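Letters A, B, C, D, E and F mark the chains in the order given here, with residues in each chain numbered from 1 onward.
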Amino acid sequence: MMPSYYDPVSENAMPRFAGLATFMNIAPLQAGEAPDIVVVGAPFDGGTTMRPGARMGPRALREASHGLYPYHRVHRHKLTDRVSVADGGDLFVVATDIVQTLEHLTRQLRILGERSRILLMGGDHSVTLAPLRAARERYGQPLALIHLDAHSDLWDTMWGGPYNHATVFRRAVEEGLIDPAHSIQVGMRGSLEEAAEDQFGDELGIVQISTDQWLDQGNERVQEAIAQRVGQLPAYVSVDIDVVDPAFACGTGTPEAGGPSSYTVLSLLRLLPSLVVGADVVELAPDLDVTRNSALFAASVAYELLFLLAHGAGY
Amino acid sequence: MMPSYYDPVSENAMPRFAGLATFMNIAPLQAGEAPDIVVVGAPFDGGTTMRPGARMGPRALREASHGLYPYHRVHRHKLTDRVSVADGGDLFVVATDIVQTLEHLTRQLRILGERSRILLMGGDHSVTLAPLRAARERYGQPLALIHLDAHSDLWDTMWGGPYNHATVFRRAVEEGLIDPAHSIQVGMRGSLEEAAEDQFGDELGIVQISTDQWLDQGNERVQEAIAQRVGQLPAYVSVDIDVVDPAFACGTGTPEAGGPSSYTVLSLLRLLPSLVVGADVVELAPDLDVTRNSALFAASVAYELLFLLAHGAGY
Amino acid sequence: MMPSYYDPVSENAMPRFAGLATFMNIAPLQAGEAPDIVVVGAPFDGGTTMRPGARMGPRALREASHGLYPYHRVHRHKLTDRVSVADGGDLFVVATDIVQTLEHLTRQLRILGERSRILLMGGDHSVTLAPLRAARERYGQPLALIHLDAHSDLWDTMWGGPYNHATVFRRAVEEGLIDPAHSIQVGMRGSLEEAAEDQFGDELGIVQISTDQWLDQGNERVQEAIAQRVGQLPAYVSVDIDVVDPAFACGTGTPEAGGPSSYTVLSLLRLLPSLVVGADVVELAPDLDVTRNSALFAASVAYELLFLLAHGAGY
Amino acid sequence: MMPSYYDPVSENAMPRFAGLATFMNIAPLQAGEAPDIVVVGAPFDGGTTMRPGARMGPRALREASHGLYPYHRVHRHKLTDRVSVADGGDLFVVATDIVQTLEHLTRQLRILGERSRILLMGGDHSVTLAPLRAARERYGQPLALIHLDAHSDLWDTMWGGPYNHATVFRRAVEEGLIDPAHSIQVGMRGSLEEAAEDQFGDELGIVQISTDQWLDQGNERVQEAIAQRVGQLPAYVSVDIDVVDPAFACGTGTPEAGGPSSYTVLSLLRLLPSLVVGADVVELAPDLDVTRNSALFAASVAYELLFLLAHGAGY
Amino acid sequence: MMPSYYDPVSENAMPRFAGLATFMNIAPLQAGEAPDIVVVGAPFDGGTTMRPGARMGPRALREASHGLYPYHRVHRHKLTDRVSVADGGDLFVVATDIVQTLEHLTRQLRILGERSRILLMGGDHSVTLAPLRAARERYGQPLALIHLDAHSDLWDTMWGGPYNHATVFRRAVEEGLIDPAHSIQVGMRGSLEEAAEDQFGDELGIVQISTDQWLDQGNERVQEAIAQRVGQLPAYVSVDIDVVDPAFACGTGTPEAGGPSSYTVLSLLRLLPSLVVGADVVELAPDLDVTRNSALFAASVAYELLFLLAHGAGY
Amino acid sequence: MMPSYYDPVSENAMPRFAGLATFMNIAPLQAGEAPDIVVVGAPFDGGTTMRPGARMGPRALREASHGLYPYHRVHRHKLTDRVSVADGGDLFVVATDIVQTLEHLTRQLRILGERSRILLMGGDHSVTLAPLRAARERYGQPLALIHLDAHSDLWDTMWGGPYNHATVFRRAVEEGLIDPAHSIQVGMRGSLEEAAEDQFGDELGIVQISTDQWLDQGNERVQEAIAQRVGQLPAYVSVDIDVVDPAFACGTGTPEAGGPSSYTVLSLLRLLPSLVVGADVVELAPDLDVTRNSALFAASVAYELLFLLAHGAGY
């Protein structure tokens, strides 16, 4: 079979670490093209409440993805055998204004989403509100949320402001973007400011599986809980890389010690159901990523998300 | 409930990463105050036999602790609901003289210990002799030792000298500070200089659980062994951060490959008994901690130790 | 002479790297005290348009300042012989909102400024608007600005927004905070987006001395130009650490190659006139400062600024 | 027992981190000596297809080995009680020519191998061809291969060239150096360029155990599979440090997320059979090893390999 | 004036650090376009005799160039006012074969050079042979060489091989690519293997100005020497970033202490004559560039070279 | 001429970065050999009052020296044409005891010094007392001291102790090891604890040239001052690497901003007189040396010192 426009450049034609960096060395999105999936960046970290730097995430994800190849050893097929994928570059953001940024992102994602599914590369977690808004519109119903993170991001406000990376999923519930009854958060751990914070999930009707529960029960039971929860809704998967122990991803703004391994997280992602219509990986802060493991982990997460989007392509 | 003097500064009043750094942003110890627990540093590494740097440990622990909040998700209460805690700064040491330093530390800890329980932040492991001496005096009996470490620190001398981080617990036995029959060391692994070194525990009557045994048996059985060993004695918990695999804490002077994860270590600490009257976390060498994971792990250990001290407050 | 409350802790009483970190180990500001000078941090980087991280600047400045001692070898007196100085910690900011932050900062600086001169530690350069607003009020007239920086920060807007680190001094002119006819910018270099940018100084009536001119003419002639320009106005000194070549300070968000050495910059600061009523050092981004030279340089700049504020204390 | 020429320098005679660095501070190989085992480096990375740097591996391995002591806690004997070991320094290589280098290495290893077993420190994985060629000659038969790696290194050519770190074991089969029917590869994971790559093992008759299978089955069953596969053939063990998750070894050119822990890998090595006649540890790229964990892990692997070579010494 | 296809993306349309990374965010080269200047990478370091890593240079140069803007403050015009420039990505190389790589590079540069001038981003210095070969053909005469470097790169062979980064300019003389009588090398310093090495320039007829001479005489006299030497020949400028002191560029394989500052080097480049028909910047090894100053310096050099190429565009 | 035992290994026989690391790849000292010069390490940092780590200095100096070749471009001869040089490894020290260490060092240097001149690699500056004691004995008179450093190291005591890196030269005067009237200190700068500290030189009769004076006057006048001061006495040169600006050497425990460049320091060393009978380079702390520039600078200083020792060989 001849390589198509959308195939990643073959290693025999160009070393993987060379050339203009796109995600996995796939083609940049060209005007007039409508691939099945578009990978885009949201280079914004104005919603960060601790260490910043996630604005540099998308370029680092692209760079780290040069070690990823199109054939998936577990799913046993090549990404581009089933779908076309292009790298749409980064979306326009205003580094100093979160309200404007969310509007810009939503507008751009709405347009891109007319023809393609989106894999979004953050940016801090506040950017997730934009693809959820765009998807809500497109699908005409709230989505099921599958959320992997050390934190539930369900705060109401911080310093009086409604928009930041710690409030994003409460906003999503309030705006009707996700259906709490079909949503699940996996990986919560670490200390809390108030006892109330431990009740946020119950309060909003979202199921949570803590890191302790996850590692006690194992991936298969967690996967069953997810599948049951999601049901037949179109699903959105959001992965904050701090879900993994900081040994595997030190390059993130709010690391929590005592997390699962990258093996556990990536294996769980391979088990997720086939109704995924949108996805993101967020909170990679490359300036803190001295080992580069965080970018590699984030790119590996993005790789799994791409296959999930490909599998759900018929939805 | 109004926040008291001892409450950590709320995130809504000041970003967690801002202000003068104290442990968890709790109040600095003021003259005339006697909180239940005092956190203090021993900025000394003159007992190090390999890579130095642990003298910078206390400040790095404070900085890393800004991601820790007062409510404990597993213990299900807020630290400051039960006890008052203040940061006592660092104790005076003489960087170039270990004998003088141990005397200075003991003297200062004796005074502080009259009114408060102490959480000591090292410094290399040689500093542990000082709180043990002060506690022995205060409690009028040898203490039970719960010691997490990759090394047993039971050497007799090194280069002819009796005081350094590899001999500290043999000195503690000899000085009658700890009761070997109620003491236990968990996490030993790695290569040894002589076969004799493998017999040090037996020789002195201290039980050891190697990393292999720990990971084979699991935390629950190890916790039972600890509880049984400690019995009803007042207990001292000493955690050398090299107990964890260097993937989770590269910032330490004598790392040993092949250790447990931070999840395993932190989970074990949450299971420990309620008779803890003193504790320390040592051997954080921040200049080696390029990922900052070591400081975060050490601060997370200190956080668990604070709750242990709080639970044992009625002893 | 007995050490007073305001003397830095002597090295003989405590190692310089130990204890709770304040700037130069001076006393934390206590309620009811009104020292001549207060050092405070503005931990905010929401005005950054490139790499973020300056919000972590104040704590890093404090840590790096432990190598600075109170006696000035060139000025030949001890800081605390002439003035009292305390570390006021950090001011409250809202990480996600620049407009609110500038209001919070101005309000707090107005109060502090009633009794003390302020040395402000940034934060990104957008925070400088706050002390200028407070000083304008206090002195009842626009100030003379002495501004060391690789960039003139005279843009009108960026992405439609008026407040960020590239527009701060145009805002200061527009708001009448500084008198362009008595203001001078030193150190400009590097590439520009438009030819117009090269005319911003002329347009607003502010004199600029480029890095090329500075290194051609030497510090003495530049100091004369500054003195002549400032005249008898109360002066505010603002130092962006990117004024120095990145070899001396890589830990900053918008480094420009081809700058002067730290020797040149520090020597110039020692020559500045004695009418300085306020000062800041900004744009230290510690997560980028792998060598720690940037924090050391920024602390050394702050040290020089403290002496300038002390010298001008009689104004 | 008096220390012999071959004993590592005692810690009581010299700090472990001091003196001219040899592996584990054992004696440098002297002319006219024929120790049982020689440790040598192959400082070559001209076969690397991604990030280079493994040429600096041998010196970094020596430096990191200063924390390894001669008594093995699990095997319960001292290395030098059974065998004599010396550090033979590095072999001559031509940094810019892989064909010449393989010839130089083979020639030198043939000579060294006449009297001593070899532990080779890479260098990238392409260097393994040389000890296999030398061993094939010496033993007069193909060897059993035990290969730990995230990648199978069974490509045919890359950019038209037959020799590089991705083709080494296909060459070894073609040249009759290893017997595929007695060879086994453990740890494969990650994405592939083509489906065909997933069949390379079957095609050549080499059994593969993926990381998924390894972690599902556990070390004991994997060890049985290895023992059964190897049978009574003389065995060669080749460990690419990227077999471990990059959290434990970020200093390597082609890291793959989602791997086993160092505990798992080192424990497996301790279970290997006693017919090992040659071994190597490769792909340590120290310039990427910011945590130094990779060098420590590689040295710990080398330590286990030394004991395997010692145990098989009677073969 | 409307922005054309070739204008860098305006900062107001996209943050400079965002989007697919090209050099200075200029347009990627499109099929059928023939801009005046093409920037291309040669991601090869198989000619390195010390620390490798320069193969990763081109991507790092692109990333670092996001701080460079099109208007040149000294030359007082915008790059794209005079010429069109596009980023041609990277040329195909064979990481494991230097002879093949030089052929591939020469072939590709010959084609590109038919329509555009080339700014080449290395790679190690061995790649310079390719653009010299292509330019020799195109101009029908040997070129004048202006070579800035700490080393003269005039060795005959290394380990028996003719092609590597230490022999490139002897090869260029032998192949008639450069005219020694019109060539000059600036910046030589550091220790030498043999006295003979100090005579290589004289032997081949190339003038050398050592770092000592350069810093004694100053840029103006060096520029005169260069201009006089070059005469009216078409000139090629080759800059090895190790010409600058490692304080300004630690990310290179063979650093030499005691060099000039980046200010000195960049200022000299701004003085060069207007007959430059080809140029390169080489030996950036990003994995060693922990400060990122080296990439910034290399990008700043590339920026100056672009203007030189633009000025000479009428030749 | 055939290469002798003492010649560094030729680059054509072994890559410079390969093999067992000795200083400049010269031969290790063999029993029964008495070369003209011996390079030895003193791996001790127990005299450090700020950041430790200089105990790891000697190995880092050896590693960094692989870029240094035997022919000196300015002195115009090969080191080994005039003298024989060997690497004596490291001297025995007791990491935890400074008094014992100084005795051990003095004893060992006395023996080595009977036959060879010594170039000592620190370690912190406290170790310098040992070679001064040994040289005093050997030469039967106090030596002239040429001391390059940012600090004068003339404190009386620190925390009550007489021996540490800040008191070494006062001890040397008191013990009659150096003749103050023929001694000179160059490079002093930075802040002081007390005014008294600024008088230490005058008090003891040692001339000081500050960094300001040095950079004002230039190397030639400083060299004259040194030559005049030293007169005809045998001279000892001690270089603390913090004499240079931290941009050129961040890997040291007490860096001072605002120093000279490496070019200035190395050029001054090349001008020193020919009566040098002993020398050291100290205070390299490799764990802080993220750029590796400090080790390269220290090795370059050691290289210059070797030539000074060679030139003075006839004394």
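Heads up, the rule we're going with is that contacts are C-beta pairs under 8 Å (C-beta built on N, C-alpha and C of every residue); 3 or more make two chains touch, one makes a residue touch a chain.
The structure presented is a predicted model; accordingly, all values stated were derived computationally and were not measured.
Novice: Name, by label, each chain that touches both members of the pair subunit B and subunit C.
Specialist: Touching subunit B as well as subunit C, we find A, F.
Novice: Once the contact rule is applied, which chains count as partners of both subunit A and subunit D?
Specialist: Of all the chains present, those in contact with both subunit A and subunit D are B, E.
Novice: Considering only mean CA positions as chain centres, point out the chain farthest from subunit A.
Specialist: So the farthest one, by centre of C-alpha atoms, is F.
Novice: Nearest 5 degrees, what's the C-alpha rotation angle taking subunit C to subunit F?
Specialist: For the C-alpha superposition of subunit C onto subunit F, the angle is 120 degrees.
Novice: Going by average Cα coordinates, which chain is farthest removed from subunit E?
Specialist: B
Novice: Roughly how far is subunit D from subunit E, going centre to centre by Cα mean, in whole Å?
Specialist: Subunit D and subunit E have C-alpha centres separated by 40 Å.
Novice: Compute the distance, rounded to whole Å, between the mean C-alpha positions of subunit B and subunit D.
Specialist: Centre separation, subunit B to subunit D: 38 Å.
Novice: Two or more other chains in contact with one residue: find those residues in subunit A.
Specialist: Subunit A, residues with two or more chain partners: 15, 17, 49, 51, 55-56, 95, 158-159, 245, 247, 261, 288, 290-291.
Novice: Quick one: which chain pairs are touching?
Specialist: Every touching chain pair, ordered by label, is A-B, A-C, A-D, A-E, B-C, B-D, B-F, C-E, C-F, D-E, D-F, E-F.
Novice: Touching residues of subunit D toward subunit A in the complex: what are they?
Specialist: The touching residues are 49-51, 158-159, 188-195, 197-198, 210-212, 215, 245-247, 250, 254-261, 288, 290-291.
Novice: Under the definition above, what is the set of subunit C residues touching subunit B in their complex?
Specialist: 13-15, 17-22, 28, 41, 43, 55-56, 58-59, 62-63, 87, 89-90, 92-93, 95
Novice: For a test of understanding, state which residues of subunit C touch subunit A in their complex under the given definition.
Specialist: 45-49, 51-53, 55-56, 94-98, 100, 158-161, 163-164, 287-288
Novice: Going by the contact rule at the top, pick out the subunit E residues touching subunit C in the complex.
Specialist: Going by the criterion above, the answer is residues 10-12, 15-17, 66-74, 76-78, 245, 247-248, 261-263, 266-267, 290-293, 296-297, 300, 303.
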